[in-house]
Every structure is written in structure tokens, then in C-alpha cells.
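By written order: A, B and C. Residues from 1 in each chain.
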Amino acid sequence: MNFYGLIDGSEQSLKNFLKQLSGVDQVGADERAAMLATRSIKTTSKRWAIDTAISMVDLTTLEGADTAGKVQALCTKAVRPDPTDSSVPSVGAVCVYNDMVGIARKHLDLVGGHHVAVAAVSTAFPSGRASMKVKIQDTEDAILAGAAEIDMVIDRGAFLSGKFIEVFEEIVKIREVCGDRAHLKVILETGELVTYDNVRKASYLAMLAGADFIKTSTGKIAPAATPPVVLVMLEAVRDFYAMTNVRIGVKPAGGIRNTKDAIKQLVLVNEIAGPEWLKPSLFRIGASTLLNDLLMQRMKMDNGYYASPQYVTID
Amino acid sequence: MSSRIDVKKTYKLFINGAFLRTESGRTYQVKSAQGAFAANPCLASRKDLRDAVIAARAAHSGWSSATAYNRGQILYRIAEMLEGRRGQFLDEITLLTGVTASVAQKEVISAIDRLVWYAGWSDKISSLTGATNPVAGPFYNFTIPESLGVVAAIAPETPALLGFIDAIAPIITSGNVVVILASTKNPLPAMTFAEVLATSDLPAGVVNILTGKKDEIAPWMASHMDIDGLDISGLSPKSHAQIRVSGAENLKRIYSFKGADPARIVAFMEAKTVWHPIGL
Amino acid sequence: MTFEYAPAPESRAITSIKPVNGHFINGKFVAGTKWFPSINPATEEVLAKIALGNKADVDAAVNAARKAYVGTWSKMSGKERGKYLFRIARAMQERAREFAVLETLDNGKPIRESRDVDIPLAAAHFFYHAGWADKLEFAGLGTTTKPHGVAGQIIPWNFPLLMLAWKVAPAIATGNTVILKPAESTSLTALLFAQICQEAGLPAGVVNIVTGDGSTGALIVNHPGIDKIAFTGSTEVGKIIARAVAPTQKSLTLELGGKAANIVFDDAAIDETVEGIVNGIFFNQGHVCCAGSRLLLQEGIAEEVLTKLKVRMGKIRIGDPLDKNTDLGAINSKEQLLKIRDLSASGESEGAQRWSPPCEFPEKGFWFPPTIFTGVGQAHRIAREEIFGPVLSVMTFRTPQEGIEKANNTPFGLSAGVWSEKGSRILWASQRLRAGVIWANTFNKFDPASPFGGYKESGWGREGGRHGLSAYLKGVGHE
């Protein structure tokens, strides 16, 4: 691998690369995100944003209590979020645990959702605390069961203790396992990295190691996909594109529960990374409850009156 | 009685730490209280002022960035040197003003004590006039006073020594540099004081002393674009308006004072406020 | 399809503008004799007719202020005075949206700024100073608790209500009474503020507002019944006022122009720096005395910063100031637009390279695109003169010392910016910059607790914080 020609894969070259990255001023980044949060998205642009957001949702269930029935219901909804309105697009993917991948794939195909991908969380999600052997097997398993997208977690312990090369080599390894068979999303778990400087470093580390997407969070740790964290990651993919001509995707996950939050994310994408990123192949939103709020807002816009949760499905 | 002939002093200007004659070659006569000839001090010209301002400006960066502790010690050193020469000032004051020795003594002692007082201010004024400001946001915000730069001053006619000290000490204790025109009628203590300065570790150019006529020098001080502040305590109130009008050309800070007052220090300082974010 | 933001205009229904407006003297609105129009610079629509204050008006206002000072205000305890300021602060918060819309209509600034900056800060200034009114004896060295008496205050058009608050709040908190003249092109929020004074029950004559132009201002400056003049505006006019006041016993504070350097060291946090540069020069259309109008880039980082800056400038949304998504509004007046055009033309003719992102402007109104000039030398007019518009002059430096020297190479000294991730370098630079406000890793931040004001030809005195109080109290030791 040539790592985009930016590093040679050695510990020293990785360290040097991460060291020369510009710092992030937390207050300034917060301010910029807060300013963009004041964007007022109305009428036609809101309608467009809602459909775009729906198509970007990675509809997610990651519970110990998940069952085949739960996952199948989720898949049905993913393909046709509003059973009464066929103009609503399908979501981007369904996101499940390893053992649910086969069930999800099978059910999606059954209900006409060949176009909806299954994403599997991997590498001993959410903690990442397992041997490399297990992590590789975890990934291999999911791909064989039909996962087209792998959402791996990084070893935050290694990152926080400065062992960047260990984190890097794990991602490289999983990238190799995925090969052309699956897209790789790398979960940084920004809530545990804490500082924006770390978020920026981890973003570059993951991109250099071969990530197709960088993802904020597991959803198990708060804070998760806060606007300034997403802003820092969007800056990273924008600048990485300027260096390599390759566009890496971004996936905020966790804490995006309503339409307003989702639209704020789209505004961030539009004004930080640029409109080129405003498509499901480069931006996803990991969520479960968000979808229903998007559907209700969509109803309100079409009908002109406020919607009720009675009219959207609870799956 | 001894028939020894006195060795008389030639009084010169004090510019950039050196004793110089006026470039104009002019002097004027100063007489004793009894009307006898006393000395021929320099009648400084506007070009002497110009040279003094250049010297002062060059000295500002070093003097203002010296630690306040260091400036305080140097002011105290000036007091030490003055203490050792009390007799000389006593003689000059009595000669020119005709006051009794005890009155002159009092002025010299006050001048020394005043220097000590201002020496102590150097590292206190920031604590008292600075501030940390609780702004509504994630910012550390503080205000500190800083020296203004080059300050010119007109010393009052009397008391010639104490008035002179009251003018220069508050200006320099905060890190300013000064160009001062001494008392016209009684310039001798000021010029002898230059000898004190010259032996007291004060960097060259921090205090520059001219002798001459107020009417001639003050307007040039007021209009000089590289003078930041002006103490006109020694000028007749009649001429204040005109000085302020010409000082407006570069918005000079122009003040007049009476006596010892920490406000004299604050007047020739600028408040600087610094903001910095507080974040991870 | 791309993500175009549909128009999101703030409604103007909340405001009601009287077609003809008089002065506010002695607690009442009084008719004027001559009038001039106040226009919306974004549409050139005439919003209202404003009274042109003459000698009789100023005399009446001074008499009212004197009477209020002697009879009421100077006798009232600080505690009670303060309560009026608290009331005013609350009333401004209650009617914040109305103030914001009116300010945007009259001034041309984006509603986002009037709503999020001007109006909340104006209310905060009253709230802050309210608390000082009964604590003046603790204000510290160099001031007494004695007010000057009657204060004449003249303010600019760039932050109409906020500048009013900067002037009126400390003046009346310390026990002065005031005659305030808003700028010719932006009187409306001052007149709405007069209504607030009425509603708050402020004793008649404590605050008087006389509208007008420069001739009205001159009447105030030269009025023998006024004890203190406070002016915010250009250095040119500031000097005229300083000369006019020189022969009198009036006290004077001045908040004047600037040509602030924004210094970027090669270890700066680049993305936030770019934001700071944009905020520094394009906030309020660059109509900011402390705008970061000279960008000084360390050479090793210059290209990267400029590339990112240009991309960022392309995202600036220009147009209807009432639209909640507008970032850059209208230039306040035709005169100002001509001045900006003239100085920009000089930049080109003197050989600097001009760049603006593609912009579409509304058909009517006064507009100027966000503009940068590269290849600017210290000797260019655009590096020395205050443009007071959205025009940035970019220069480079090699060493920190050179950066500071270039930054200080100006007769102005209002503000400066420093960008570096190294703490010791920030403090080193902050110490050496000859300016009254240093924004380190931020820019254009204001707070009533933070003193604001300039070195050198940027003015006399400070506004805000403990330091700002001394402008309205009689000094110790000075004549």
C-alpha cells in the first residue's frame, strides 16, 4: 500500500504526518458550528433536505435485545419508510450487529430492498477490546453473511496512549480484509478522544489507513456527533481531498434525533466540505429515531398541518 | 581666607545620556536671587528637542520592556545618588531662589523621598489599575496598563528640583521615556540632576533634559508627531488652549497636575485589553 | 440538485416606523423644523423623515439635561439610578426582535448580526452599568464618584443602538445626564430607545436625543452648557473636536478609527484563523473601527491561508439583510460606497491584486463584494487608510519581529489580532502590539465588562469595564 503517497506506513512517517497537522481551536470551532446552526432552512430547500437526509440514514439497531423479528421490521421500514407514500426514498443502509447481518440481507432482498446495503458494526464493537484475530474474524464473518459496509471501531486506548501506529495497523488490516468486498467506515468514538485536535488526528490516521468513511461514534458514548466534531471531520475530508483527489465520506452517529439536527448536519456538509459531499455515498447519518421525525416533517410540509406519531410506523 | 579661584561648571543639555551643548550655540544668563551672574545655561532650540525625541524614542523599547522591579531599583538608585549630593543641590537652590538653607533642605529631602515613593510604584501600578474582566463567554480577558511612549514635560518654575522630580519620576516609573524642559529661571538643579542620572544605571535616552524658554520649546513639543504625551504642569494656564489645539494633530495625551499623585503615572499609560479563548 | 437555501426573511411586521420623527427632549417627543430622509440602504426606500436638529433644539436639550442633572439625577442615590438602568436593560431585551428588525432596515446590516450581536450586547451594557451605579466609590484609583454633569454624545452609524448603549449606559450610571446625537443615516433605533426611556419612567431630561447631521454635532460640541463630550467616529472629525474643545473646560473622550493588523503565525490553527480573518473584516460589512483590515501572514503559511480564505469567501452569503441566512448586508450609504470604491480603485492602480468571489447583488441598494488585495506593500493607501468596508489588504512577513514592526507601522492603535497555537508567542506578540484591544486566536469580540479603546490616533479613553467609568467621572489630579 502506498497510503496516498503521504506516508510510507512506518511509525515515524505516521507520527510526522500527524504532528504537522494544524491545531484546532476549540472555541473557534464551536463558534463556527454555532453560527452555521443559525442557518434558516425553509420551504423548497427544507423539503429537499428532508428527502436527502432520509436517503442518508443508516437505520440502526444495536441492542443486546435485538431479535430477527426486530431486524426484519427495521429492514422493511428501511426500504419503504412511509408505507403510504412511495415517493419517500429508501434509507442508505441498515446497520446491525454481526449475527444479524444474514437475517437483514435476506429480509431486505425479500421486500425489494436489493439496493439497500447492510452495514455491520465490527472489530468487537463498541469497545474494540479484543484480539486482532477476533477482530479479523468478526469482519470476515460479517462480509460473508452479506455485509457491504463494515463499521469498525478504533482502539481508543492505543490512540490515547500515543500508540498511533497500532491504531493505524489495525485499520490497515481490516481494510485488507474488506478488500473490494465491503466499504470500510472507521468509528473514531470522538466522545472518548475528547479534544478536537485528537478528532482531527484520528480522522487523518483513519483516512491514511484506507477508510472509505470516517464515523464519529458508536452511539454508546455521549457526547457523540456534536456539530463541531462533525465540522472538524468535514474539514479533514475536504483538506484530504485537496491533497489526494480522493473524497472520503463522513458519518455522524448518535444524538441526531430530529429533523432540525439533521438539517444542521447537511448545512455543515454544504458549507464546510462542499455540496459534492451531499449524497449518500459520501455522507450518512447513523440514527434510529430520526427517521420518524423526518417523515413527520415531510408530512407537515406536504399537507400543511402538523403530523401525529400515530401516522408513522414505530419500527 | 584662601585666594583659590572656584572652578565653575559649564551647564549643558542632557541628551541620550550625554552632556551636549545646544546645536544652536546659544546660551542665556541665569542670575542669583541677589542679581549676580550665576551661569550661562544652554538656550535649547527646536532641533535640540528633535534630537532629544529621537534619543528618547530609541530608548523606549528597552526601558519599557525592562522588568518593573528593575525600573524600581533604578529609580531607587537615583534617589541614592541624589542623597549623596544633597549639598550641591542645597547650594544651587539657595543661590538662585534666595530661600533659607532649611527651606532648601526641605525641598531636597522631599525630592529624594519622592523618588523613593515613585520607585515603589513601578511594580504596583499594574496590579491596581489592571483588571481581569469577566466577559460572557469562554475567554480569558485581562486589561493591563502599558507605557505610552515618549512623553514631553514642562517643569514648573518652582520648586525647581521637586517640581522637576514630580514631572519625570511618574513618567519613567511606568516605562515611558521623557524629554523635559527645566525651569527657565532656575535650571541649575535640573542640570546637576543630570549628573545624578548619569551615575545611576539609568539607560541613555530615558530622561533627556533641555534648558531654555517655554514659549520657544513648548509649541514644538505640542506639535511634534513623535511625542505621545505632554505634561504641561509648568506652563501658564493661559497657553494651555493653544498647546492642546496643536497637540490634537496626533491626539497627544496632554495633562496638567499639582503635586505628587499616582494619577500622574496612570495619565501617561494606555490600557491594553487582551482576549484569549479558553478551550481544550 | 444542490442545497440552495430558500429565502428566509425576518418579518418587518413587528416594527412600526413613524413617517415623520422629531427629537426626544425633556422626556417628550418634540417636532422638528427641517427634515432629512432616513433610507434603507438595501433598497433605497425612504423609511422616515428625521428632524434636523438646530441651535434651538440643542439649547432646549441642554437646558433639559441641566435641569434634570441639578434637580433630579445628581440628587438621586446610585442605588435608585441603577434601577432605572436595569429597567431599560430588561425593556430592551423584551423588545429585542423589534430593535433588531429596525436596526437592519435602517443600517443594512444582516439580521443575524443585529439579532445575535448588536441588540443583546446593547442590553448587556445597560445591565452591566446598572450594577455600577451604587458602587462607584469602589471603582478604584484615579477616579472620584463625581460625575461631570451634562454629557454631549455623538455616535456613528455602524452599530447605532450598541454605540448608544456604550455612551448612554455609563454616562447615566455615573450620574450624568445626556444629549445624544445618533448618526444622520441611522436614527431610528435611538428614537425607539427614547420610547423605552419613557416606558421605564426615566426622569425627564436625563436622556435627550437630538437627531441631525454634522452641523447638529458641532452645535453640541461647541455648546457652553455641556461639561463632557464623548465622540465615536472618524479620526479626522475626532481631531476637529479635540481642537474645538481645547480652549474649554470640557472633558473629552474619543473612540476613533483603526487599521488593525491581524497577524497569523505559521503555527496558527488554520481553519479557525480563516474564520477569524473573515469575521475580522467582513463582520458588519467591514464597517467596524476595529476591523482586522490588514492581514499579515507569515510567509511559510501565506499560500495555504489565502487558498482557504478564498474558498471560505466564496461561501459568504450576500443580499437581503433581513434574510436570516445573509452574512454580508448592504453598505450603509452611497457616500460610504463611493469611498470604498475609491480606495479599492487606488489599490488596483497602485499595483495590488484584487480578488472577490462571484457575487450577485439586488438591483437596488448599496453593495460591495467581499474583497481581498494581495501583493500589498506598507506604502499602499489601502494598507494605511481606513476603508471601513469589506476590503482586506494582505501582506506577508518573515520573522515575528518583522510582523510586529509592520503591525505597529501605523498612526492608529485600536486593535490587533494574533493567531498562534504557542502560548508564549501569543503573549510576546500581545505585549509588543501597540493597540488597545488584542484579540488572540479570536477577533471582534465585545463585552460590557471589557475595556475598549485605542492607542495613538485611535482615540482617548476607554469604554466598558471599570476603565470605561473614568470617562464619566471627574478625574483626580488633572485640571
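Definition applied: a contact is a pair of C-beta atoms (placed from the backbone, for glycine too) under 8 Å apart; a residue touches a chain by one contact, two chains touch by 3 or more.
This is a predicted model, so every value here is computed, not measured.
Chain C has the Cα centre that lies closest to the mean of all protein Cα atoms in view.
Looking at which of A-C and A-B shares more C-beta pairs in contact, the answer is the pair A-C. Greatest centre-to-centre distance from chain B is found for A, with centres as Cα means. Chain B and chain C have Cα centroids separated by 37 Å. Here the spacing of chain A and chain C, counted between their Cα centres, is 44 Å. Computed from the mean C-alpha positions, the centre of chain A lies at a distance of 70 Å from the centre of chain B. For chain A, the set of residues that touch two or more other chains comprises 25, 27-28.
Multi-chain contact residues of chain C, defined as those touching 2 or more other chains: 441-442. Residue positions 139, 277 of chain B are each in touch with at least two other chains.
Interface residues of chain A, counted against chain C in their complex, comprise 22-25, 27-29, 31-32, 38-46, 48-49, 52, 235, 266-267, 270-271, 275, 278. Taken together, the chain B residues at the contact with chain A in this complex read 138-139, 277-280.
Those residues of chain B whose C-beta lies close enough to touch chain C in the complex are 65, 128-129, 131, 133-137, 139, 141, 143, 228, 237, 240-242, 244-245, 247-251, 253, 255-259, 261-264, 266-267, 270-277. Chain C meets chain A in the complex at residues 1-8, 112, 116, 267-272, 275-276, 315, 324-325, 421, 441-442.
Listed in rising order, the residues of chain C touching chain B in the complex are 124, 140-142, 235, 238-239, 242-243, 246-247, 254, 256, 411, 426, 430-431, 435-442, 445, 447, 449-453, 455-457, 459-460, 462, 465-467, 475-479.
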